[in-house]
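One structure is given below, encoded as structure tokens.
Per-chain residue numbering starts at 1, and chain names A, B, C and D are given in the order in which the chains are listed.
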């Protein structure tokens, strides 16, 4: 995956990077003016979209932004650390259920419930990741799949999660007297979350921990010989991924006002994974593109109907066979 | 420069995509027609039922349009695919809401219908729910939605009354772990225990599980007089088959989700003598005869279980629009609430304070010779 | 003794790879481990660095028992290694490769990274500075932004050494560092190994087949054959040891022109 | 029914269910043996096998009858078709990826699984298909324990297939080559073994066994649908892990053990049937964490 480092640099140019080798292609983004101009254009577009397009587009875009957050989280697990997680929806569920349950059973407000939800998701990440990250990488895939199903079945069976009907009547939050309620308001909430998610991803990728993920993914033994604790580093990726998932889940729950186990199925996990891989594992702009394709594609091509998933599945297969680095262009070496 | 071009291309793509979205949300019809939204699953696991409901609305709209339309304007239909999934249903509902529909008909999977209530509520759009009947919908209804299918509670009443009449003392209740069947199972358990009878077993199976033999043995060991399956025909067929194969000889009853001719294909002979509680389907409604014929002529097969109710839903909405004399939402909702029990295909419709059907419309069917017949 | 191995025993599926090996490396010493192919040299490295779990014996380094430690713990205690076949991180730059070595000497976690705490920024600068310093030391600083695997072979070897140096080791294990180098590069390597010891005070344990290089650079030589330690001493002592001559003559290639 | 009767009946149930798990688990384990790939698509081969068997039976049922005779023909043809599908999948999707990082090939396997699943979803509109046969409900009643003739035929067929496989693997040249390839591919190439061919044969046999299970399950239970491979794929993988992945006797034993655990698990007081799958997946996770080599698997060093 030549591209992780590339995407990091695209987003976060080092002040004085010489134009040698690979850096050459990315030279455009080394020009801070062009880089910030591109960022500004994107931000303005995000800000005015709901004003230009109707409510329906706003709702769909909100959904796409939710996927951006989820995909960036899964990207840390799959794209950076190279761990195949087939049960990512479980963390999405933990976040959503945690705020819903706390909102109903306790007097904590929405904002006070968030830390608990995040801790719950991180704990779930440690509990499932701790013992399994030592295993072969393909065992991890199946364990996460099993774990995803366990979470969904538990949500379906337990009284506290509202069983199969789920939890409805989840209160919309207020912030300094502003009641977040309309689709447009939620759109901006998710836009803000996405921006934070992107910034956090860029910063993580550019850090000691982010590099350690790449080292471990490229060569576990060499990484360990460098003094990197591979289990710990993978666990960090897994837990951070779970926190991203939980954040997505928390706001998903208050946006929809009602949650039920169907929203956290294996299919959901697969869709998020597809977005990450289609766009380009490890590449932040690619992952964002993937999220938009997965959400907007079916809405634009309503006629596809049942074919929707088949088209994505075939796309996934073709990508893996012919362009494993995803749709987003890679730097040449 | 490469990257600049790429950025341009992407911007163009994004613009086109968003343009496409906003186009999709434009009113589907010309200004002088009345747009009615139809929220049904046209894809996903329940697409058969959804398309069936959509077809019924089409027939109703066609009949109205042939008679000159509503308030002198033609009806245009626009579909919102809920795919039986909460998130997709929300997308569909937002789309319908932003198309300025006069009203919405449909609602199949209760779990998917639930989060859409708020969207229609916020826009104050009249919503006639023609299939979803979970009791969870009632408290979530802001007042603009009207349920013309009897609720799970009504089905429970019918089921308990019927099983008592058969002298059944103990029953095993099996559901499939989804909102609809779990709700029905819980309601039945409570009602049955309240009637002083015994619930011998209360079980959940997973959708798509093929082997129920262990469960069958467990049920046989509990030896109930009857087994009540509260979920859909697909897995119900398998369970019935394995119950009989495993030597269970008591009564078997199923809820309205299993009322399908396919139950006989899957369960074979084992479905003989099985009782089903059902909302009235076309073949058992004397008034639905001509509707059935039109449906068969137009779509090549018999109308499914929710077709007559959905036809009624469209007709009821049309009646309310005529009565209100306007396409403004408020007066239409008032008109719907005042439904006075006049006769429709499925019988009289009037509403309780909670906007649910004021009477139970459930009937009991029995498997005879590979098809459903009226029991009692 | 900086490193002391006592009765180290390693078996794989019934085959004994190492028989009760005893040997040691002194503080700041230049030591070589030689022996015919398949003698168990790399296995011994793997036992020291925690990649293999020997069935018996003990490996004590700087007062710590290493036998049950994971490789990353061993590195943190101060043993760095290179690999026989180059194990650079593909598709990453030279600098990024070398920065890997600093991982075990730094601490910033996810929180610090996301919020760019002052400590984290200081640490990042330190990592970069030290990695560049290590590259300067091995003489390839001007290639720091190239993709590591596109470098000339000899320079890739140096990246590995710089990466190992960045872990701030007390002992460095070099597994055939001269393999694939031409004679000029070998001379440079000898100089580099000496500077590692002289300027940085790092003890070096070397596995090498090039006897000329071994004889020139080593202060002590240990000879391993069929998993047994058969000789130990200075270059001259080993050169004259009949057991060593026999072990090498038994080899078809006769690569060791003693 | 007395407790003994119940337990005996659950034993029968567990054996029948376990036979299906074992047949599917065998394919998982064999394929894992030769290319160290967790073939996610295996459960879907089982599903497609069920549909092909159904198609064949619909075509020949008229002349051969839709009881066990016709089903045997359907099963045989489905096995051949799915064997070929398995080989094609390997050639087209996995073979080019063998040198790629493990993550890529795992995702490719997932993609193949999704393509198969959604192709059938599209073709069937996601509807369940009734698998109509003329099989009767007759059986033997021993005390209170009831065993249908169908169950006997089914377990017997599964046993026969497993015996045939065991014979093939231990007695024939290809079987021995298969075991050799699972130990060391490079050594096999040096010794002149056609590794690609051995891998192809392994995929053929593994997929054919899944097709046999799929057809029998369709006929026995009476319905097939596009998602039926998902759950059994997971369960069969669990079975393979219990037995020790890579081990053929392990897969058979693991299948039966899981079948029995699930059947008896239903009877455990206090745990409702709604927790059944949670129970199975927990077993999977526990085995992987505490005894990843399973009952019969050999430990392998993943190290250099």
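The rule is short, and it goes like this: a residue touches a chain if its C-beta (ideal position, glycine included) is under 8 Å from a C-beta of that chain, and two chains touch if they have at least 3 such contacts.
Note that the structure is a prediction, hence the values are computed from the model and not measured.
Averaging Cα atoms per chain gives one point for each, and the point farthest from that of chain C is the centre of B.
Taking the mean of each chain's C-alpha atoms, the chain whose centre lies closest to the overall C-alpha mean is A. With each centre defined as the average position of its C-alpha atoms, the distance from chain A to chain B rounds to 34 Å.
Centre-to-centre separation of chain C and chain D, using mean CA positions: 48 Å. The centroid of the Cα atoms in chain A and the matching centroid in chain C are 40 Å apart. The distance from the centre of chain B to the centre of chain C, each centre being the mean of the chain's C-alpha atoms, comes to 71 Å. For chain A, residues touching at least two other chains, in rising order: 153, 156-157, 221, 306. Looking at chain D, residues 125-126, 230, 272, 274, 277, 303-304 sit in touch with two or more other chains. For chain B, residues touching at least two other chains, in rising order: 44, 47, 177, 204, 206. On the chain A side of its complex with chain C, the touching residues are 1-2, 5, 17-18, 20-23, 200, 203-204, 206-212, 214-215, 218-219, 221-230, 236, 240, 333. For chain B in complex with chain A, the residues that touch the partner chain are 1-4, 6-7, 10-11, 14, 17-18, 20-22, 24-25, 42-44, 47, 81, 84-87, 90-91, 94-95, 97-99, 110-111, 114-115, 118, 122, 134, 136, 139-140, 177-179, 181-183, 204, 206. In the complex of the two chains, the chain B residues touching chain D come out as 44-45, 47-48, 177, 202-206, 208-211, 213-218, 220-221, 223, 234, 237-238, 241-242, 244-247, 262, 265-270.
Those residues of chain D whose C-beta lies close enough to touch chain A in the complex are 37-38, 92-93, 96-97, 100-104, 106-108, 110-112, 114-115, 117-119, 121-122, 125-126, 230, 234, 237-238, 241, 272, 274-275, 277-278, 281-282, 284-285, 288-289, 292, 302-304. Of all residues in chain C, only 49, 51, 70-72, 75-76, 80-81, 83, 87-93, 96, 99-106, 108-110, 112-114, 116, 120, 123-124, 127, 145-147, 150, 163, 167 touch chain A in the complex they form.
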